[in-house]
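In what comes next, chain A is part of two complexes: it sits with chain B in the first one and with chain C in the second one.
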Partner chain A sequence: MDPIYQALVDIAGEEYVSNRPEELYIYSFDLGTAEPCRPHYVISTRTTEHIQNIVRLANKENIPVVPLGGGLSLAGLAVPLKGGILLDLKRMDSIIEVNEKARYAVLECGVSQGQLTAYLERHHPHLTHSEPGAPPSATIVGNAVIHGQGDLAQPYGFNSDLVNGLEVVLPTGEVCHFGSVAIGAGWFTNHPLPDMGLFLGWCGATGIITKVSIRLFPAKKIRGVGTFVVEDEELIPEIIYKLTHTQMAEDIIAFSRAIPPFASGLQHVTVNIAADSDKELEFKQEIIWDDTLGEYIRKGDGGYLGFVRSLERPQISKTSDYKKGGGFEYVGSIMPIDRYPECYRKGREISERHGIPYTVTGRCIGAGHNMMFAWTYAFNRADPATIEQAREALHETDDLVLELGGVIWKPGTYGQKLLLERLDPGTRELMRKVKKLLDPNGIMNPGNWEVD
Partner chain B sequence: MSLAAFKYADLIHRCFRCGYCKFPDNWTDVNNCPPYARFRMESYSCGGRLWLTRAWLNDQIDWTEHLAEILYSCTTCKNCVIKCPLRFNVDIVNMIVAARGEMVEAGKVPLAVKRFLENVELYGNPYGESKAKRGQWAEGTGIEQYHRQEYLYYVGCAGSYDARAQEAARALAMVMMKAGISFGILGSEETCDGNEVHQLGEMGLFEMLAGNNTSTFNDLGIQKIITFSPHAYNAMKNSYNQYGRNFQVFHYTQLLCGLAEAGKINTSKGFHARVTFHDPCFLGRWNDEYEAPRSVLNAIKGIELIEMNKNREGALCCGGGGGNFQIDLLGGSESSPARRRVREAYETGADILVVACPKCLVMLNEAVESEGMKEKLVVMDISEVMVKACAL
Partner chain C sequence: MFTLNFDVEKCLCCETQSCLTRCQYLDIDRDSAQEEILKIARGEDSFVLHNCVTCYACEEYCPMGNHPFFLIVEQQEALNLLPVPRPLIKRAVNLGVPFRGKPEIAEVNGPVLNMAAFSELVGLIQGRLFKGLTVISTDGRKMFHYFCQLMYLHYAKSSVIKERLPGIIDTINRHKPTEVICFHDECYGTYTSYCSAVGIDVPFKPVHFYDFLYRRLTELKDAIRPVNLKVAYQRPCSSRLSPDKHHFVRDIFELVGVECVEREYVDENALCCAGAIQGQRREGSRRRAAEIQRKNIEDIKKAGAQTCIFNCPACYQTLGTMLAREGIKPMHMSDLCRLAIGEKPTGRR
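Showing the complex of A and B:
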């Protein structure tokens, strides 16, 4: 009997541990273009204690540990690049607490965004969370770890900015708490204790987040989305600037795509509006569509495509089926909004050069402080040539992000390399020291954010 | 077998594994795919099964007993078909069934599946019981053999052989007799409807069963069939056409619904209870019949029908579909779908969990025992509720 396998079975039980080819195969893949790498073991954990025992075992056996949430980053961030123990965290899916008045939820790391949405709708209809555009199986913790953004990004910013506190298992097995909970005062704030931002953005290379407190927000009775369209991409930064000035939108997204062909080249701006009454909705609509965007309509630069009085959950996975190919990946970036026109034009060029229908999207974060701009490349999973094509386009786009003065969002290994090459030497050295201090044996998700 | 020769070679790579298929329609949890709920490993998710099937057909992984168990753990409940946002969703279960068909043809199936199919072929039922015993459930009830009555009451394998399901089969017969329905049974002449045989991928045996059953029904001049099981209803309604079907088929709740609406059943005694209803997959998601059972229940005085959070299209399968009622690859754990489902039923505050399927009846009844809920929750078939309401 393999002693590591047996030790894992002792930790989580036989049904939740595997070293069989079927599980090793499935967990070797990211859903994007990343090359598969097989883990040696897969384990589905239920408790923080399980995770403590696993990292202690991994240190003893000097074997990597790769934590996996929803597995939807598409950037290969949870591919076990150097094998080891793949830790599926989705069974840790308890919603521990929702504090209605202080508007936060304490969740285990496997809680999916769909689960939280449903729970709030059912038990706390006055509350909502900033729901990412990812499929509902994406986990709340996973999204915060990659500095994701949701449909309340315009007023409230990145989802990682909404974290009130964390419970983390360190690579050496100790459990730490951050935020007010660290002094036993509950999970209501991440401030004002000394900053311990050691875990968000690190792809699990510095520890495994087991619990999170995430801020919730008022859920208005009416939520809907209006769409505005212009032909000239140069107008988009100005439009977003004006829209954010109103402080009346929940979400602002600009996008353009090659499919359907009649809309190719047009720039669509969707604006989510929420209200508690028809009166409030009417007022907001008037301010946004008439007072703010009316001038573009009057000048013949743009058109209002109407308002849909409901919020459909985005079905981003449909992108994978554009060419009946089952795959897509995108490069995300955090970018100044004034770069939108260049992002669109150059991204379109890359897509067309690779024969891929272009799709570009920019989501406004904060009051126009920046945007998450994404270039999406579909591929056919059954055709290795198209996967390679998409991979090349993705790498070119990673380069483009830096050329345009942006930062690659949730970079894969190629993007991480580009960023580390440009990183301030002092910061690089600090990262190296932090990693060495927290993870002396280098067991945590090796291959990611490796400074040395 | 190669991927190129697979019937769905042009489709199977299109699953992105986004995970919508794990959820019910209201997104409550990721436990609405029964095998995933049971094992919580990606290999057991709908997407995992499709990717593994493709890898097997592509020679990226070898056939193993474990691979076969993963494929056969699917209950074909169609939650994935409902939830998948992509255009190929209608063929998801078909792809799994086709992959099972490849395993059957290669003679590489789990032992429990092999036994199931052998028993159906040898005895006409998966229990391996003598065909002569098939009608014993009706002895002493006064139920007649079919002889040109208006309806054939097709009881099916579970209703014929499983002790708990037999009780409900008899209850339905009592209700129909009380309502003056003209019906008869085939008794020992009845044979498996083949629904599960089809789901297990044994198409040759299914063709034989469907063909023989259709011939029998046609030879006897049967015009209308009432099925006790939604599984039989599904097979006869959707798959028997190509074998020359000349009859109409109804699930019994559809008949009872019509009788209740026409005032032909006297339920004046009523049934005073808080009940919740579990939608059978082969009545609901497979055949879009959600209202007939609810109409029957709502027509009974005293019943307070409380819906489970996951109902209709979003109902969690009991875990007994796709052959798992017998091959039981999902049992043995508090994470088993049946045990999850009875906990969901209990959460409603209902005293009685009502079903409309003999397989669900048995699965959920056993789950109540495993959960130690016998004093808290009773599982009853609608037919049994009707017996009480009609004071039979």
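Showing the complex of A and C:
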């Protein structure tokens, strides 16, 4: 009997541990273009104690540990690049607390965004969360860890900005709490204690988040989306600037794509609007479409396409249908909004050069403070040539992000390398020290954010 | 290129100029109306070209059998007085571009029901009413090969219609239909009214959907049980191109045992769903559309309708949810007919 396997069985029970090839295969890849790598073991944990015991075992055996949430990053961030123990966290899915008045929820790390949405709709209909454009099985913690953004990013920022507190298992097995919960005062704020932001954005390379407190927001009775269309991409930054000035929108997204043909060569701006009454809705619509964007309509440069009383989440995944084989991956970036026109034009050039129908999307974060701009590339999972084509386009786009003055969002290993090459030496040295301090044996998700 | 057959002499002889004087969205007397329509016919600018909401109604109002709406649209395009912002026109023009392969053509040598650009609504043509009928354009990926294109009248793009329509007609005709039942009355209006107005040959016999439904209901008369609902009807803009078929609405209502409520905005006085108005360039179009919709729905409510019957999927999409919020159930005509013969309506979200 493999002693590591047996030790894992002792921790979580036989039915939650596997080293069978067919199950390891499932955990060897994500849905993007990253090369597959098999873990040696997979374990589905239920408690913080399980995780503590696993990292202690991994340190003893000097074997990597890779935490996995929904496994939907597409950038290969939870692919076990150097094998080891794959920690499937989806079973840790308790919604521990929802505080209606202080508007926050305390969740275990395996709670999915779809689960939280359904729970809030059922038990707390006055509350909502900033729901990412990812599939419902994406986890809340996973999204915060990659600095994801949801459909309330425009008013409230990145989902990682909405964290009120964390429980983290350090790579050496200790459990730490951050935010007000660290002094036993509940999970209602992340401030004002000394900043210990060592875990978000690290892809699990500095520890495993086991609990999160996430801010919730008022859920208005009416939530819907209106669409505005322009042809000239140069108009998008000023349109977003004007829209954010109204402070009346929730999500603001601009997109363009080659397929279906109606979207080609045009910029669609979707604006989510929420209201508690028809009166409030009409007031906001009047401000947004008539007063703010009316000048474009009258000149014939922009058109109001209508308002639908339901939320249509961004459906980048639809691009996976562009080619046979249903694959897609995108490069995300955090970018100043005034770069939208160049992002669109250059991204389109890259797509066309690689024979892939172009798809670009920009989501406004904050009051126009920046945007998440994504270039999506479809490929056929069964055709290695198209995968390679998409991979080349993705790498070119990583380079483009930096050329345009942006920051690659949730970079894969190629993008991480580009960022580390440009990183301020002082910051880079601090990262190295932090990593060494927290993870002395380098067991946590190796291959990601490796400063050395 | 095909040319609109518009006879100015008819306007000179017209005693009413109803095309414009009866327009629900313009305020104009008879003399001014004649002056404006003649200006348009001469290729000159007219305030009508700027203010037209593209509701098609003047085609029905014209007592001379002329084509005032088609003329307005042609002149809007000729003078580049586009009623809708340019990006929406580009979007609409691209919308009708097929991009998922060619249709599979099977020769039918019999009647066909053409779903046109509404393949996704095949749920509405199930059951005994449609038993044995061959349906074409059932594949949503290829439906734009069957799209009649008349929607581009709302965008002042007659040129697109004329360019694409012969190809569409050819695709349908390759099925060798003896008659083509048009699911959407815009298709029927295209093949009967528009094509003859601009000189495009239609080699098959178009049949109005309601004509077909009425015939089938008559054949299934023994199965009909009165539905006993109070209903209103949302008349689509394109039905103005086939006013001779509008009587089927009341004929069907009578056959299936529903009460058609008395209301102000009905038949020739029907209000547009305003889906095409909200995006127009003219200042205040969004609010204008909302106001028309409010008036329309208030009228339906006041008349005591429990259900509003639709033919046009676009009208349904525009007004359906609004009506449902007011407690009035939106329903497609085929669903009403199926209800009458004891079948479960498909419904539509």
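Here is the rule we use: the second predicted complex is superposed on the first by the 446 of 452 C-alpha atoms of A that agree within 3 Å, B and C clash if a C-alpha of one lies under 4 Å from a C-alpha of the other, contacts with A are read in each partner's own complex, and residues count from 1 in each chain.
Operating definition for what follows: a contact is a pair of C-beta atoms (placed from the backbone, for glycine too) under 8 Å apart; a residue touches a chain by one contact, two chains touch by 3 or more.
In this text the structure is predicted, and so the values were computed from the model without any measurement.
Visitor: Check chain A with both chain B and chain C modelled on it and let me know: fit or clash.
Guide: By the criteria stated at the top, chain C and chain B fit after superposition, with no clash.
Visitor: Return first, second, both or neither, reflecting whether A:S137 touches chain B, chain C, both chains, or no partner chain.
Guide: first
Visitor: Touching A:E23, do we find chain B (first), chain C (second), both, or neither?
Guide: first
Visitor: Which partner reaches more residues of chain A, chain B or chain C?
Guide: B
Visitor: Kindly classify A:L107 by the partners it touches after superposition: chain B alone (first), chain C alone (second), both, or neither?
Guide: Once the two structures are laid over each other on A, A:L107 reaches no partner at all.
Visitor: Report for A:V229: first if it touches chain B alone, second if chain C alone, otherwise both or neither.
Guide: In the superposition, A:V229 touches chain C alone.
Visitor: After the superposition on chain A, what angle is formed at the C-alpha centre of chain A by the C-alpha centres of chain B and chain C, rounded to the nearest 10 degrees?
Guide: Value: 70 degrees, nearest 10.
Visitor: Counting only touches as set out at the top, which of chain B and chain C does A:I408 meet: first, second, both, neither?
Guide: Neither partner.
Visitor: Kindly classify A:I4 by the partners it touches after superposition: chain B alone (first), chain C alone (second), both, or neither?
Guide: After superposing on A, A:I4 lies clear of both chain B and chain C.
Visitor: Quote the smallest CA-to-CA distance from chain B to chain C in the superposed model, rounded to whole Å.
Guide: 11
Visitor: Can you tell me which positions in chain B touch chain A when the two form their complex?
Guide: Going by the criterion above, the answer is residues 10, 13-20, 22-23, 26-30, 39-43, 48, 51-52, 55, 60-62, 64, 66-67, 70, 85-88, 309, 333.
Visitor: Can you list the chain A residues touching chain B in their complex?
Guide: For this pair, the touching residues of chain A are 15-16, 18, 20-23, 25-27, 29, 31, 42, 44, 70-72, 88, 90-91, 93, 112, 114-115, 117-119, 121-122, 135-137, 315-318, 320-321, 324-328, 380-382.
Visitor: For a test of understanding, state which residues of chain A touch chain C in their complex under the given definition.
Guide: It comes out as residues 229-231, 259-266, 282, 285-286, 289-290, 294, 296-306, 309.
Visitor: Would you tell me which residues of chain C are touching chain A in their complex?
Guide: Residues 82, 84-88, 90-92, 94-95, 97, 99, 275, 278-279, 281, 283-287, 290, 321.
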